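Would you mind keeping the following structure in view while I ask a few things?
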C-alpha cells in the first residue's frame, strides 16, 4: 500500500472520483490553474479541464450557491472554501439553503454537494487562517460534517461525501496536510459517514477526539502505556455530524472515564454535546467527572507562536490530562 | 394569457379574504404584477427550462402548469401541497416535475442557484434556459452581485428577471438603489440590462423573449427589469398605509395590467364584455371551489415531522 | 556569539525543505540579509537571506539533503570571533539560541502552555462515591466503606470496587471448597498464618516441594484460627452398637437395591446426635464476644474427604429428616462434593459437625472444632471387642464417639450428658427402629 500524506490523499481521491464519474466537478478560488493554495487540486485542471475544475470569483456565498444549483441540476459539485475562516459569507447558503433543501421540499429535492475547507491552527496563521468552524454548523440538521485525520479515512470519507445525496462539509486540518502520513488504500475504498473509529483499544480511560488532537492523543497513549501501564482507548470521531453516540457510550461504559479533546474553543464545542450524551446515557458507569481539553475561549488563534501555543491544546497537555484522569 | 392573469388576480383576492376570515394565518399577494409574470413566463417552456420564481409569482407558476387547487393546498399548508407538504409557508415554490427549484425565505439566495443550474444544463448539454425572478430589494444583496458576476463571466444561459415594484416592504426604491434603474447594474456584469414597463404585457414579453433567445443561442445572460407596482401590502403581516399614500396607490392602479390588457383584447376583438364577465365568474367559482376543496384536505401527519432531514433508505454503500 | 541558522518554514503546513544550493561556503563573509542558501519545498523555492552578519563558520547540511523545519543548517560566527571547533552536525552550546526574531518559529520550540487551555479543575471528593462505584456496590452488595481506596485522595474507585468484587468471588469459591461459613472473618489479614514470614529452611537432597493449593491454604487458615481462638476440650464414650450392626447387616443389600446407595452407620449417628442436640441445645450454639447464640435450626455438617483436602457440606434441618432421609442427604452431598458441584449454600450455615473418622480405621480422634460451632463429634471405627456384659464377657461391636468442645460455651458435665444421650439412642437401634 502506498504511503501518502493528508494532502496527497485529498488530491488523489479527488482525481479518482473525477475519473470515475463525470458529474463530479470542483469549484473554488485558485483551484484550477494554480492547483489550490495548498496544492490540493494540483493536476486536476490539466486532467479534466476548466469546465470541471472551475476558478471562481472571490465570492464564497456564490461558490456554495452555484454548487447547490449545479447539484440540483444533476452535477456532483465539490466547493472549496480556501480557508474555513472564510466560510462565513456562505453560511446563509449552507445553513438556510443546502441543509434545508430536502426537508423543506418534502423530499422532492436533494442537495448532493461537498464543501471542502482547510481548518485548524498551529501554523502561524493568526486569527483568520486557523479557525475551527465545526461548531458553527454542528447544530444544523440536514448537514453532515466530516473531519478525517488519517490518509485512509480521508480517502474513504471523501469518497463517501461525494457519493452522499446530502450536503457534506469536509474539513481538512491544515497542520496535518504534510505532517500526517499513512497508508493510502488503492482502488475503491469507502468509509461510511457516521461511524467513529476506535483507533486504539484500552480499558482505563476513553479519549474522544478528531483532527490533529487525535494524533496527540494517540501519541500520548503510547507513551502512557509504556511509562505508566495505563491503557487508553482513543476514539477518532471522523464524522462530527451525525455524531456516533453509541461508540462513545459503549467505550465509557467500559472505562468509566472520559476525556474529550478538540482544538475548537471549549464553550459550545462539539465536546459539550459528547459530554451531555455520556452524562445522560452512561451516568451509572462514570467513575470520574467528564473532562474536556480544548482551546481557550478567545476569539481565534493569535499569531506569535507563544500566544498560539498558549491558546491551543498540545500533546503534553493531552498526556497530562489523560494521566490525571487515570489517577482520579 | 389573459385568463391566467385573471386567475392570478382572483387567487390573490381569495387568499386575502381567507386571511381576513382567519382561515389561513398568512398570505402574500401580487396584485399588480400579473402582467409581468404571465408575459415573462409565456416565454419559457415548462419542463425544459429551470425556473426560480419568487414569492409573489403566482402568475408564473400558474403559467408553468401548477393548478389553482395545488396553490390552495399550499395556502392551507396541507399534506398534499406539492411544494413542501405543508412544511413551508405558502408561495415558497418547489416542484421538480415542473423544474421549479425549491425556494426559501432569505431573498437572493436563489440567484447563485440559477447560475449553478445553468452550469449543469450546459455541462450536461441539456437545451433550455434558467429563469430567475426577484424584487428590487434583492438587487442590493451580495448574492445578486455574485450571481450576475459569475453568469456574466461564463455567459450562462440565465434570464435575471427583476419585478421592480419600488418597495422592499416599506423601503422605497430611492433608498434601495443609487441608480434609477435596476437594469443599469447589468453593464457592471457584462450583460445587457433591459428596463420595460412591467404592466405592459407586450413589452415584458418582447424583452423576455429576446433574453431567452439570447441565452438559448449561447450569447449569455440578460438582466430584465419589469417596472411595476404592488397594489397590496408586502404580506398579510404588513400595513402599507404606514409608508405610502392611497393617492400613490390609486395612481398606479390606473396602470393596472389587467384592465389594460383587457382593453387591448377588446380592441382587437379577441374579447368582449360578456366573455370577460363570463370568464371572471367562472374563475371566481373555480377559485372558491379550490379553496373549499383545499381546506377540506388532510393536514400533514405529525409523525412525519422528522422525516427527510437526510435522504432515507439505501443511502451510501453497504445498504 | 555564534548564531545558528535554521531551516525556515516556507509556508503554512510545510514541515521540511531541501537544500538546493549553498550560496556561501565555509569561511565566506556574509552580510545581514545577504542570500545564504537556496531552499526548495513543494510549495515554494526561495533564497534564504542570512539573519546575521559574520563569517560562515560551518555548513551543517548538504545540498540535496532534506531537512526538517527548525533544524540547524549553518552556523555563523562574528567576524573576529574564535569558536571552538564543533563536530559537524552538533548545535552550538545553548541549543535554542536562535536569532531573536525567529526563535519562536521553530516548531520544536514548544513553550509549556501557561494557561490550562480550557481545562476545568477536577473535583476532589474522596468520600463521594462515583456513579460507577455506587452501581457496583448495589450490584455486588459490597459496601464501598469496607473497600480500600486507591483513587485520588484515597477515594474508592471503580477499579477498587472491581478488585473487591473479584476478591469476594475468590473467597466464595474458597468457601465452597473449604466449607467455612464464616469465610469473611477468616479472611482478616491479621489472621494470616505466618507461613510467608517464616524463615525458609534449606532444602535437602530429594526433598519434594508441593505448592499450596487454595483449598489447602484455606483449610490451614481455618484450622489455625480455630485452634488459636477456641479452647478445645475433649471427651469420649464407648458405644455398644451390636444390635445396630446386626440390623444393618440384615437390611443393607435390600436397602441398596431399593434406594440405589449404601446405608452406612453415619446416618444413624447423625440421627442420634440431632435428637440429643434437641435435648441439649447448648451444644448447637456459637460463642460471640458478648453473648452465646443458641441456633434454632440444626444444620449438621458432614466432613467429606476429597482427593486433596476436606470439605464440610451441611444437611440443613437435619432434625426433620428420617434416617433414610439423612442417608440420602449424606450420599447426595458426598457425591456432589467429590464432583465439585457444591454450592455456597451447601457449605454454609452449619451448626454442628460430625466426622466419620472411623472410615479410616481410627478408634480415637481429637477433631478440631469447625469454627464458629461449639463442638464437633467424630465417630470412630466399629471393632469387635471382648467386653463385660453383666458379669460375663461377650464379643460386642464397639464404637467410640469422640467430641471436641469449646470450653468457653460447654463444660464436661453437659457434654457428658449429651454423649450419654447419643450413646443411649445408638445402643437402642435395632430392627424395630423406623428407618423412614
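Every chain is named by a letter (A, B and C) in the order it is written, and numbering of its residues begins at 1.
Keep this in mind: a residue touches a chain if its C-beta (ideal position, glycine included) is under 8 Å from a C-beta of that chain, and two chains touch if they have at least 3 such contacts.
Values in this document were obtained by computation on a predicted structure and should not be read as measured data.
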Chain whose Cα centroid lies at the greatest distance from that of chain C: B
Chain ID, smallest distance between chain and overall C-alpha centroids: A
Intercentroid distance (Cα basis), chain B paired with chain A, Å: 40
Gap in Å, rounded to a whole number, between the CA centres of chain C and chain B: 81
Whole-Å gap separating chain A and chain C, where each centre is the average of the chain's CA atoms: 47
Chain A - residues contacting chain C, complex: 7, 38-39, 123-125, 129, 174-175, 177-179, 256, 265-266, 283-289, 291-297, 304-306, 309-314, 316-317, 321, 324-325, 327-328
Complex contact set, residues of chain B against chain A: 50, 82-85, 87-88, 92, 94-96, 101-102, 104-106, 109, 111-121, 123-124, 142-143, 146-147, 149-150, 153, 307-312, 315-318
Residues on chain A engaged by chain B in the complex (per definition of touch): 25, 51-52, 56-57, 59, 61-62, 64-75, 77, 89, 92-93, 96-97, 100-110, 141-142, 144, 160, 163-166, 190, 192-193
Residue ranges of chain C touching chain A (in the complex, touch as defined): 9, 12-16, 42-43, 104-105, 109-120, 122-123, 130-135, 151-152, 155, 157-159
